[in-house]
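Right, one structure below, let's go through it.
Order of writing sets the chain letters: A, B, C, D, E and F. Residues in each chain are counted from 1.
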Amino acid sequence: MRPTWVDPPISSVRDVVARALAEDLGVFGDLTAGLIPPKATVTAAIRSRVGGVLAGTMTARATFEAVDGSVRVGWLGSDGDAFEPGGLVAEVSGSLVSVLTAERTALNLLGHLSGVATLTRRFVDAAAGRCQIRDTRKTTPGLRALEKAAVRAGGGVNHRGSLSDGILIKDNHLAGLTVGEAVSAAHARWPGVPCQVECDTLDQVRTALEAGAGMVLLDNMDPPQVASAVALVAGRALVEVSGRVTLDTVGDYAAAGPDFISVGALTHSAPVLDLGLDLEA
Amino acid sequence: MRPTWVDPPISSVRDVVARALAEDLGVFGDLTAGLIPPKATVTAAIRSRVGGVLAGTMTARATFEAVDGSVRVGWLGSDGDAFEPGGLVAEVSGSLVSVLTAERTALNLLGHLSGVATLTRRFVDAAAGRCQIRDTRKTTPGLRALEKAAVRAGGGVNHRGSLSDGILIKDNHLAGLTVGEAVSAAHARWPGVPCQVECDTLDQVRTALEAGAGMVLLDNMDPPQVASAVALVAGRALVEVSGRVTLDTVGDYAAAGPDFISVGALTHSAPVLDLGLDLEA
Amino acid sequence: MRPTWVDPPISSVRDVVARALAEDLGVFGDLTAGLIPPKATVTAAIRSRVGGVLAGTMTARATFEAVDGSVRVGWLGSDGDAFEPGGLVAEVSGSLVSVLTAERTALNLLGHLSGVATLTRRFVDAAAGRCQIRDTRKTTPGLRALEKAAVRAGGGVNHRGSLSDGILIKDNHLAGLTVGEAVSAAHARWPGVPCQVECDTLDQVRTALEAGAGMVLLDNMDPPQVASAVALVAGRALVEVSGRVTLDTVGDYAAAGPDFISVGALTHSAPVLDLGLDLEA
Amino acid sequence: MRPTWVDPPISSVRDVVARALAEDLGVFGDLTAGLIPPKATVTAAIRSRVGGVLAGTMTARATFEAVDGSVRVGWLGSDGDAFEPGGLVAEVSGSLVSVLTAERTALNLLGHLSGVATLTRRFVDAAAGRCQIRDTRKTTPGLRALEKAAVRAGGGVNHRGSLSDGILIKDNHLAGLTVGEAVSAAHARWPGVPCQVECDTLDQVRTALEAGAGMVLLDNMDPPQVASAVALVAGRALVEVSGRVTLDTVGDYAAAGPDFISVGALTHSAPVLDLGLDLEA
Amino acid sequence: MRPTWVDPPISSVRDVVARALAEDLGVFGDLTAGLIPPKATVTAAIRSRVGGVLAGTMTARATFEAVDGSVRVGWLGSDGDAFEPGGLVAEVSGSLVSVLTAERTALNLLGHLSGVATLTRRFVDAAAGRCQIRDTRKTTPGLRALEKAAVRAGGGVNHRGSLSDGILIKDNHLAGLTVGEAVSAAHARWPGVPCQVECDTLDQVRTALEAGAGMVLLDNMDPPQVASAVALVAGRALVEVSGRVTLDTVGDYAAAGPDFISVGALTHSAPVLDLGLDLEA
Amino acid sequence: MRPTWVDPPISSVRDVVARALAEDLGVFGDLTAGLIPPKATVTAAIRSRVGGVLAGTMTARATFEAVDGSVRVGWLGSDGDAFEPGGLVAEVSGSLVSVLTAERTALNLLGHLSGVATLTRRFVDAAAGRCQIRDTRKTTPGLRALEKAAVRAGGGVNHRGSLSDGILIKDNHLAGLTVGEAVSAAHARWPGVPCQVECDTLDQVRTALEAGAGMVLLDNMDPPQVASAVALVAGRALVEVSGRVTLDTVGDYAAAGPDFISVGALTHSAPVLDLGLDLEA
């Protein structure tokens, strides 16, 4: 059994599934499934058309169960497991009407979340262990808890869960304060809460260090600049790289020695993983 | 003033914004904005780093207003308008604390929905008016109404809103029924509701026509097969093409003469549009 | 200005309106209103095709405002006012798109609640002041607060708001207890809360009085039986008549001298009042 | 087993039941049931005092289960089945406290929905198979999905589920557009979505046909006018009759040859069906 | 088995538990429990560090079940039972991850509600049966139903559940009306609903009696004044004492002979009961 | 203008106010306020009977506005300001009906939150600047965001907002892991997230330090033990004291030199602050 820390919280799972089903069932329910003889039962396979990393199993299972508590879902892997193209992901059995009614909502969730996990894994692999890959707050509204869990399934680590559990000071926030004043206020009011300062230049990195920031966020620097910043920091703070890092460039950035690279695309631009439900004979 | 039909329903806008803000504000609210002197005000510009098609203005405006009713948002275009890289999309003015607190949620929504509109526009342009581009039910759970409005902003047309407002008969649904029996039952129970039959072969197209389907969904056919199917149908039903059509292939499919091409990627895999908020001096 | 006690609570009004609009707007919003030029404005009259008693003005106004805060609604009467067939009930002005989008939801609420008020008034008039007309808990699920307010607008008085604010002991509840034991327990646990005992016979009335019930509910008795019961009670408790009293029989029941007649039909079977919205030139 | 297409969607059932119970339980719960010895159990029968057509079984069962998962409900029929006066509809067994606590909410739902189904059946029977009976959007706010399912149980068919899944052009919507322009816009923007034009006169019918409407809604015509319109349309569009058709007149209207007759009263004015719960010895 | 009348309504329990868990699980769920080997199981004891009166068992059980339906909770008493310092309150067994994830939310609810019950019991004991102890509407927002149930568990009785189920006329409400006019209006509009008049002086008590109030609320009187008021009322109305009665003074007040003493502190200032969860070997 | 960082997030404020009002208005609304002439207006003062620290102004204002948008509330201080016994806290003016309807809910919230702020201030003052006072997760279910804001208003700092934004390893969590393994896993999975280890003995403190914990939580130690632990830690980690620290002992604990003292009582046992609304002539 895998650790539970890659799982999303049960409250979020229930909430998302209830809304997603209501959205898809509409006023009349599934008109097409209503054509089916009600006694028909089925065993079906969820298969991926492509390779990838699994995420969203709790959510997909909860979708089938919310439609019909007697549908059974057996997973062939856990969140975070890789699968091959054509690989069997799960077996679903029960009433044909129920399985087809839940199919699209379950696959939308599973495909989207596995897409996030898969893209994360690709960044993680490209970083080759030299630094950690983090997500951002650029998540899909309403799905943050699930997407952040999918990032964990992909091998990434999570940045802030909300504006409420981390401080990230940008130029925009100063409004007359110095960085030092802002960091001091942050430390005084929110002791123990991670406090980052965004830096566009080495000078700003120097200022942030003097201000006592625990982490610097290097924004839109190239790998050599990152290497210089890492050298400048010299372990006095954690270093995070941010700003349109791609799969092509992530290796170079990782080689420059930061602690983290954060990638908005993990959650805002991951293509869906193409999963389908095949009825079995 | 542009027609209102590209707008999402107000109920959905309010609901999504309330949830998205609650998700991002968390238990403590915006720790970083809390460092700012409370009297500071700002005028800021929302700009796109890339070119694209605007969508989500109602939603982004509602986000700023939900944080602080005194923030003003002035749009430089309407949903559906194209803008250039670096183009100014909106001006936002009011309390700096409020603007920064709402920023990420507003941009997440605006960027995601403009991303959907932009990808739709590219498909529409590639189809060059020879057929219409439609979305699918492969939407992001919780955001369907907003994403479908963004597809309209991009120039696409909407397929079913839910399982409840259209019938789409696949092999999976038959369970012993003939296609004719299923279509007849659909017509009898749901008169006037669009009824499609999914077809993988010309034989199935023939069967669907005999069954009286009003629309056939050609699944995973290549353009020559589509052309043959269009010829076979000969105007007796609407013809929709589906199944992993890409920007590279959509022109060939459109040339084959169907009425619609439906593209799941419009909503499940559109990359976010890169928008930013720049404070003005 | 009329007293506010006929108004429903604002919490219930907001809640019902938000749900009703979401239900009617669906995924795409009002397709037909979307055809209208967005700049068109309108002044429209809400008129009743028949005579009746007004109820639901707060709710209808809240519906128009929820769709578009700039729509103005001017009422020609307050909840509880009678109007003639063809009578003008309200004037609505603003964006044509907004007015038509809200129309059906507003009229559904106004027509249903005015229907309840109108039927109540007919019972009240038939009772001719000899006793009060009360509603029951046989309300439409989700609309209780609004329907009970409409009963007040019609001149009726409210029975229990929920299972939680009154005690009504029927045979079903005894399960081995005597009526006296049940009434004593009720008084001890819920001092001051109204406690009724349902009685089918004069013997049961006698028992209820001995048990100390503050009110007896005479179930399915005819008017002479009611008169006997009233005589038996002789002012020692309040007397309520219940059980399929109709407009034809309510006068006879009222003449028999009870304090209240409760009528489930007020809320579960009141026909809608036929109201329409007419655009003005 | 009956087909599932008469069932309401599970999301709506759960939502309505949760709200209805919260509304009836209030702050203290069922004071009267709280007098009962907690160990008492019961078997009870739900019987109808009158004949009718059953609807709402899913909803009533969900109500008992929401109060107490160990209560068992056995139905003697399915939604859509007719029953005789005094007929046994269901048997309920379990904790007496739980059964009585849920009783009123379950019966309110079952009685209201069976009332809708029963009135629908009467219209369907009066139309004698010559045309279909449809509902309207004149539903009780918050209960649309359940009432529309009850119409199906009664043998009717459903009109639009919301403003979002059908177009119905009335004079009010034109605001300077011709009917032809409106219908063309509707077809272009919402291909495949049913598009009706409301007509008060034969001239308007002619215009609607020329405009390409797929369905005409004849508003407030008498049966001979309907017959003329049907002759004029001559199969080029579907024909629906609307406007205060009663049980007395529906036969004449049906004989005039339209495809559908829509009746608002099915959902806005159906009297409740009188059902009761009788404890068994 | 104890009577169910001390239980809160199931709707409120479910609602509070769902919100409380969502609040505590946040975006990522229980980070610390995520460190635990997922297969670990546990049997744990809920013990009180101090003596007290149990309340909230339904709510605490619902919390564990909402996290994980397979966790088992066995109670050693029912709501209303007293326990000793160190006394075992419940045994919980199941997945260690689940038990620890639910622990704080379950204990917060159980400790708060048992705190309310315990403080209530102390007042009840101090009143020594000479009068009843009542709560007020000074409850914790969102928890009223649960706190009022805890008051019943402690041996108190409930005052109004909401503004909607009782009338309490204070000077503030008169605005030009006489007390007699207000009481008459109250009786006419809300027959059977408890109607109290708040009195600061014996003169006001006299006025209230003449006005026909069923209950007088003596506000901020000392015990001798209360005794005078009780003598003046002489059984013509119920007498309630209110206004900062403490454990030190409640005995004297009770001895003065009122029917009820209401104490806001029961719900707004009861200290939590110190309960802990101890893992067993 | 005071900084906004003591404010609770607007999402939480709206949510709590909507629920609290619905809870108090019930099915019929405020029966007593309904007796008042509807045109009456009022200016009223909110005064505290005792001295204290203000918190909850956003929430109280939102309550009056939710009942009636035309009620005006003027505060004489901000959250965090101290006031004297009898001090004027706010002036409220508008419709008498509206002000009285909102009164209890607004005062319940203001009194509870000011109670939390006041108790916090007393602990902060007793600690005399030698260490910071923190809250815990022992908050009232549903009110965490508001209570934690009140702690900030009182001069305290916030511990974790939820299980999701901090790690706190207790013996219960180990289940076979060593402390070192647990801390390592925490650091690896949740870099930057605060990680505490609970310690009952100096030996455990030593182990925690070796494990790399960033903070130790000294549970139930006396002040001399705390001093020893502080000496042992010698600045290598932050030190927090926990476990039933009272106002009597907090000074001694603070003198022992920890960084933080966390006090569950701030939120779970703060008595309400006695505030009242006085109508003005």
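Annotations
In this text, a contact is a pair of C-beta atoms (placed from the backbone, for glycine too) under 8 Å apart; a residue touches a chain by one contact, two chains touch by 3 or more.
Small disclaimer: the values here were computed from a predicted structure and weren't measured.
The chains in contact with subunit C and with subunit F alike are A, B, D, E. For the pair subunit B and subunit D, chains touching both partners: A, C, E, F. Of the two chain pairs shown, A-D and D-F, the one joined by more C-beta contacts is A-D.
Looking across C-E, A-E or B-D, the pair that copies the C-F interface, with over half of its contact pairs the same by residue number, is A-E. Greatest centre-to-centre distance from subunit E is found for B, with centres as Cα means. At the interface between subunit D and subunit E, two copies of one sequence, fewer than half of the residue numbers in use are shared by both copies. Mean C-alpha positions place subunit A and subunit F at a centre distance of 32 Å. One finds 50 Å separating the Cα centroids of subunit A and subunit C.
A separation of 43 Å divides the Cα centre of subunit B from that of subunit F.
The distance from the centre of subunit E to the centre of subunit F, each centre being the mean of the chain's C-alpha atoms, comes to 22 Å.
Of all residues in subunit A, those touching 2 or more other chains are 5, 9, 23, 25-31, 33-37, 144-145, 158, 161-162, 164-166, 189-190, 193, listed in ascending order.
Taken as a graph of touching chains, this assembly is fully connected, with contact between every pair of chains. Those residues of subunit D whose C-beta lies close enough to touch subunit E in the complex are 18, 21-22, 25-31, 33-39, 66-68, 97. The part of subunit F that touches subunit D in the complex is made up of residues 23, 26-27.
Across the complex, subunit E meets subunit F through its residues 16, 19-20, 23-37, 40, 96, 100-101, 104-105, 108-109, 111-112, 115, 137-145, 161-173, 175-177, 182, 185-186, 189-190, 193, 244, 264-265, 268-269, 271-272, 274, 279. On the subunit C side of its complex with subunit F, the touching residues are 1-5, 7-12, 15, 144-145, 148-149, 158, 161-162, 165.
Of all the residues in subunit A, the ones that touch subunit F in their complex are 5, 9, 132, 152, 157-158, 161, 164-166, 189-194, 214-215, 238, 259-260.
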